[in-house]
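Order of writing sets the labels: A, B, C, D and E. Residues in every chain begin at 1.
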Amino acid sequence: MSCLEAAGVRKRFGGLHAVDGVDFTVEPGELVGLFGPNGAGKTTLFNLIAGAYYPDAGTIRFGGDDVTRFPAFRRARLGIARTFQVVRPFRALSIMENLLAVVASEGALSRTPEQDALQLLAGVGLADRANDPAGSLTLGMLKRFEVARALMVQPRLILLDEPLAGLTDGESAMMLRLIESVKVRAAVVMVEHNVRLALPLCDRAVVMEQGRVIAQGTPAQIRSDPAVIHAYLGDTPEGG
Amino acid sequence: RPVTAADPIKIGAALSLTGRFSDSAKYVQEGYQLWLQEVNAHGGINGRPVQLITYDDESNPDTAAVLTERLISRDGVVAILGPYSSPITDAAATVAERAGVPMLGTIASDSSIWERRKLHWTVQAFPSSTYDHEGFLKVIASKGKAIKHLAIVYEESPFSIGAKNWAMEEAKKMGLSAEAFGYAPGSQDFSSIVERIISSKADAVSMGGYYQPSIALTRKMIERGYNPVAYHFIQAADGVTKTALAGDASGIFGRSAWESTFTDSASKTFTAAYKAKFNRLPSYHSAAAYAAGQVLEAAIKAKGPDKNGIRDFIATTTMPTVLGTYKLNSKLQQEGYRYTLTQWVSGESKVIRDPAQALWPKPAWK
Amino acid sequence: MTLILQLAINGLVFGSLLGLVALGLALVFGVMRLVNFAHGEFITLGAYATYLLVTTTGVSPLWGIPIAALLGATIGLAVQMLVISRLAGRPELEALMATYALSIVGLGLFALAFGGDFRTYSAGPAGNVTLAGVVVGWRSITVLVACVIVGAATLALVSRARTGLGFRAVAQNREAAAACGVNVVASERLAFSVSVALAAICGALISFIGTTTPNVGHEWLLDGFVVVIVGGLGSISGALVAALAIGLLHSFASYFLDDSWAQIMTYVLLYVALLVRPHGLLGARSAT
Amino acid sequence: MLDVRNVAVRYGQALAVRGVSLRAETGSWIAIVGPNGAGKTSLARAICGLVPHQGTIAIAGEDISKLPAWERQRRGIGYVPEGRQLFGAMSVEENLRVGAFSRAGAEVRRGLDEAFALFPRLAERRMQAAATLSGGEQQMLALARALMDRPNLLLVDEISWGLMPLLVAQVFERLAALNADGLTIVQIEQNAHEVLRRATHAYVMAAGVCVFDGPAKSVARDPRVLESYIG
Amino acid sequence: MRFAAITVAAAALAAVMPFAGVSVYAGTLVYYAAYYLVLGQAWNMMSGLTGYVSFTHGALAGIGAYTAVLAINGGWPITLALVAAVAVTAFASLVIGVTSLRLRGTAFTFATLFFQELLLLGVRKLPAAGGAAGTTLQEILPTSLPHVLMVLTAAGATIAFALLRRSRTGVRLLAIKGDEDAAAAVGIDATRLKIGVFCASAALCGLAGGIHALFIASLHPESVFSVDTSIVALAVPLIGGVETALGPVAGAILYVGLREILQIVAPSLHLVIVGLLILLVTLFLRDGIIGAARRLLQRRRTYRAALETAR
């Protein structure tokens, strides 16, 4: 059984079809890269899967259950976690409290939430800032923090929106190692514009444009797909 | 330490020196001060001086409750001169009843307080607002068939509702068709009420609300060019009416608990003394305060500074004061004092003892 | 028909005054995201200023309008610099509390200076005109005309492309606005002192048709808030339309029902409107 | 053009920038790189006057360290802040208009045309509220807004964040063109490779101090610096 | 734990006041401090934690008071009347909560303000509740009963708040204050939590109102539903420090104490002084008195520690 199955989902904003009939499946333990030009509808697709928006059409199944009309918090409790492209920490709370606020997914209750949290923070290199208010962290740190907070949900599916943004190459490498290690427990979908670093890691890549999926396959297939090169990668060293 | 003759007899008052009711409270305070000065000038009561302790209740019932408690248990007063407005009198009464301390409702016109529950220690020492419209109805009666439709405007507050109910009943007995028009406390716009009154074809209007809305209503009537044959609003006797309405005040009736133009000897003496002390004419608030002092003085003189004695005396006595004859019914509501009718004639608020002498009909607005 | 017209005119007069109250509130909210609980006290300020002016110099109360405006602008500027400027970027609750405290201070000061007495005067335009059976007093006409002029002037100020744009940018993000060259401090000062001037003008007009007490402004405040909410928080044109609508609604409802039912109805409608359209009846449009 | 001397920034007890000096000649392209929390953003905010700071900052010889933010902007600083800082409820076009706040009508129109030519995507979204734009679109808007006022000095904080590769290349081309026209650029960038290729001079920051500076090419080639600060 | 013990001890001390021969006046002051503390703590629970600023806590207490008086006059025993007060108030809060908690920020604040006004207008028109004249307890009860009940409720509310603040639920409420959408994304059911805590907070207000009705005995709609009480409920935690259990305690004591002192020292100026004080606290002591005290302690501690290491 697939972990996530989105079938024919659509979302319109006024006259704009932000997501225009997307079929999207994720298998357990898979790392899927979601790529596409700016405004292609990637974040919107995340919002539909995580429940921030309801789709205008189509169904979303998670672990076999139809969750299309489930509110966001229930999906989180079922095991869908996410990070935000524009970070959204609870600024007045400390980093530790941010993690303790999380309601872990059902059946994954931990008896020692503090220790779990510390472990996750260590994983993203923020253990020493555990007691600082989230508002005092830099944007780059907050990007990493968001990954830790999402993992605190003990998800079966984790949606990462640009996890490498704002990180140096060294920091990115660390983050990618973390993401690889998550794969053992949960399926990962990652939106990333840093194709150079992100693509090689993916088990499978999906490329969207104007609300539709225009290509999918292995990293190698994607890299050489002319449509993708035309719409997205260009001939830049960044893309290559 | 045993009480000696030099120890003052303590009396307390919680007044709304700030907040919504502060205007009247100031006059009340002056009335108390005048009475206190006279008592002590005559060597106090039974040879002991009298001390009056006053606090400001901010026109807030909860504050009034605390202050009354302070007067009773910290300052040890033997009697309390009452605060202003029904909610505050009610709150203070609860405390006084619990502690068993007599309290005179100096300026409590709302007799519904004594209707709602049985009070033992608190009495009404002011004319009951139930009779607010009485004087005006009497003029109408004496003027015969001139008036067919009466409009009574009232505020949705207990005192005003009580007065309206009494007046509607009374008007029915007089064979008048009367209609009542209510407005919510704090209302800012009276134009629709005026339209309704006009549509009801009323030829006489009696307004039973507070002062500020009365002026607002009157101004709307003037603006609208609506001239009833006779017009009465209960607080009209106040001098502010002239400042607010100038020439248009002419012919407007009011009702008063007391006026400085009263010619009975008690009033004359009081007015003169007040003028000497404060250098201006007293208002009815001051007179009422002074009258309450007179009753309390008589009570202490008769019974000494004994709470039970004072309470029995003020509950049962009938005595003359500057306001008239003080007399309570069995519910401790005031029955003796009555309002007097007044009317603005050539720039002065005149007391109308004989309805036949009233200016009639009201001159048209200028 | 005459009755309908009469009620409509009455409603417009009341609504225009309400609109002026709301205009000031909406202006400050629009620029500073600040709910100003002290607005009522600035109304009172204008009322007392006019009262003192008329009773001491004997001039027409119409002079109270510019004088109150000037006084309001000055005091508004001072209050902005001393208090309001420190609230920038603070959570809503703190700002709310600070303006509430200001209002208590104002109330206390007025009570101290003037006692609880009613202050009133009878000077000013009097009499009325009759047009097609509809009677309108000169006082009402004065209020209506003054409100229209002042309201139009304010609208002109904020809809002047640059001022208005700067105001809105400051409201959205002070820092970014400053980084774009908007003089944030000057914008906030201008908005606040104009708002206080508007309140003081209201006070001048209210002293003219009613009586003045320490809490006269306070009593208009809640109605002002109603208008601002219905119009969409911070939307100036929304507030004006809502004020007229509520003025008319009130005039008709209190004629055909009665005063307090009209009030209950206004609040129920308001509550429902707020639930159905949290951004205000017209506000939703301006939000996007 | 820009002369920063000994600038320090503190938040409460914590020192985020501990005395950094930096010079940018007219027409130069300066890169500031360094790990998370190095103090890069704080330095940029200090230069723009958005955060209290110590030390002096001069633009074209004039000391601006005492001036408020909007005055500094009017001395010719354009700023693309980290995290975009758009006017969320205002439309794309209004955001751009605020960017040209101190400009007259005709210039504003010309600016709008240029912005929409650079980012046609924004032209399509002209009336949309900035808060509802996609991440990359917001980034485009932030850059376009900063260019509206035709600054002499452009401070860019992490411009490539959220932009697709194709656009990153385009943006760098555009910056290069502007730079060639005399615009001074100070660019903060985590994604160091591209900027170090383009810039004339580079500063490497870590833990609030400048640990290394020199010609960009030499930084890009210095394995020690790359290893310990950029990765 | 130690906190709870101290609270219980303080409450016991305050509760026996009427029986220990302490002056009734002092008892009254303690009573009012306890009353305001319950309201403040209830407000703190709801608005302090979730950031939804309520202007209706005074009115909620009013609902409790009316319910209690009507029930007692209807012949109900006091315990049942208080239970009814809690139940009716909690129900009313459900109505407000379900309808208006989907509003955010200022819109919610105004909804509560208007609700309060609507309640006032409605009760005035309600003959069963005495209409404009209000209603009165037929029998005047001694103060010891409300005194003991109120003090115990205050202690209970304080302990309850401390427990809530430390629990993960408390952290989650604060998360809602921070960012409601992000809270949903990490599995927090914001709607249920908000309504739940509002209901609990209202129940406390209802209880306090019911007890207070035994104390003041007479209810007038203008004063029971006046915004003043709601303001006290919000000023008390704000002066002392929002989000902390001790804040409202400090706030209530200071508020009542200061009011009494100023009544004597500066009778005509005390309103101005109270206003200025609130202004100064909001402007310069952002986390309230308790917050400021903590910072001071912290600084002294670091100073001491620095001295130690220097040696």
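Just so it is clear, contacts are C-beta pairs under 8 Å (C-beta built on N, C-alpha and C of every residue); 3 or more make two chains touch, one makes a residue touch a chain.
All figures in this text were calculated on a predicted structure; none of them were measured in a lab.
Asks: Moving only between chains that touch, what is the shortest number of steps from chain A to chain E?
Replies: 1
Asks: B-C or B-E: which has the larger count of contacting C-beta pairs?
Replies: By number of C-beta pairs in contact, B-C is the larger.
Asks: In whole angstrom, how far does the Cα centroid of chain A sit from the Cα centroid of chain B?
Replies: Distance between chain centres: 75 Å.
Asks: Could you put a whole-Å number on the gap between the CA centroids of chain C and chain D?
Replies: Using C-alpha averages as centres, the distance is 43 Å.
Asks: For chain A versus chain C, what separation do you get between their C-alpha means, in angstrom?
Replies: 49
Asks: Rounded to a whole Å, what is the gap between the Cα centroids of chain C and chain E?
Replies: Spacing between the chain centres: roughly 32 Å.
Asks: Out of chain A, which residues touch more than one other chain, so two or more?
Replies: Residue numbers touching two or more other chains: none in chain A.
Asks: Could you say which residues in chain C touch two or more other chains, in rising order?
Replies: Residue numbers touching two or more other chains: 108, 111, 260, 263.
Asks: Among the residues of chain E, pick out those that touch two or more other chains and give their numbers.
Replies: Expected reply: 121, 124, 268, 270-271.
Asks: Pairs of chains that touch, anyone?
Replies: A-D, A-E, B-C, B-E, C-D, C-E
Asks: What residues of chain C sit close enough to touch chain D in their complex?
Replies: Going through chain C, the ones touching chain D are 161-162, 165-166, 168-169, 172-173, 175-185, 287-288.
Asks: Using the touch rule from the top, collect the residues of chain E that touch chain B in their complex.
Replies: Those in contact with chain B are residues 23-25, 28-29, 32, 121, 124, 130-138, 140, 142-143, 215-218, 220, 222-223, 228, 259-260, 263, 267-268, 270-271.
Asks: Enumerate the contact residues on chain E facing chain C in the complex.
Replies: The touching residues are 47, 51, 53, 99-100, 102-107, 109-111, 113-115, 117-118, 121-122, 124-125, 231, 234-235, 238, 242, 268-272, 274-279, 282-283, 286.
Asks: For chain A, which residues are in contact with chain D within the complex?
Replies: Answer in residue numbers: 13, 36-40, 42-44, 85-87, 136-141, 144, 161-162, 165-173, 193-195, 232-234, 236-239.
Asks: Looking at the complex, which residues from chain C come into contact with chain B?
Replies: That would be residues 3, 6-7, 10, 13-14, 108, 111, 115-118, 120-122, 126-128, 130, 135-140, 209-211, 213-215, 219-220, 223, 250-252, 254-255, 258-260, 262-263 of chain C.
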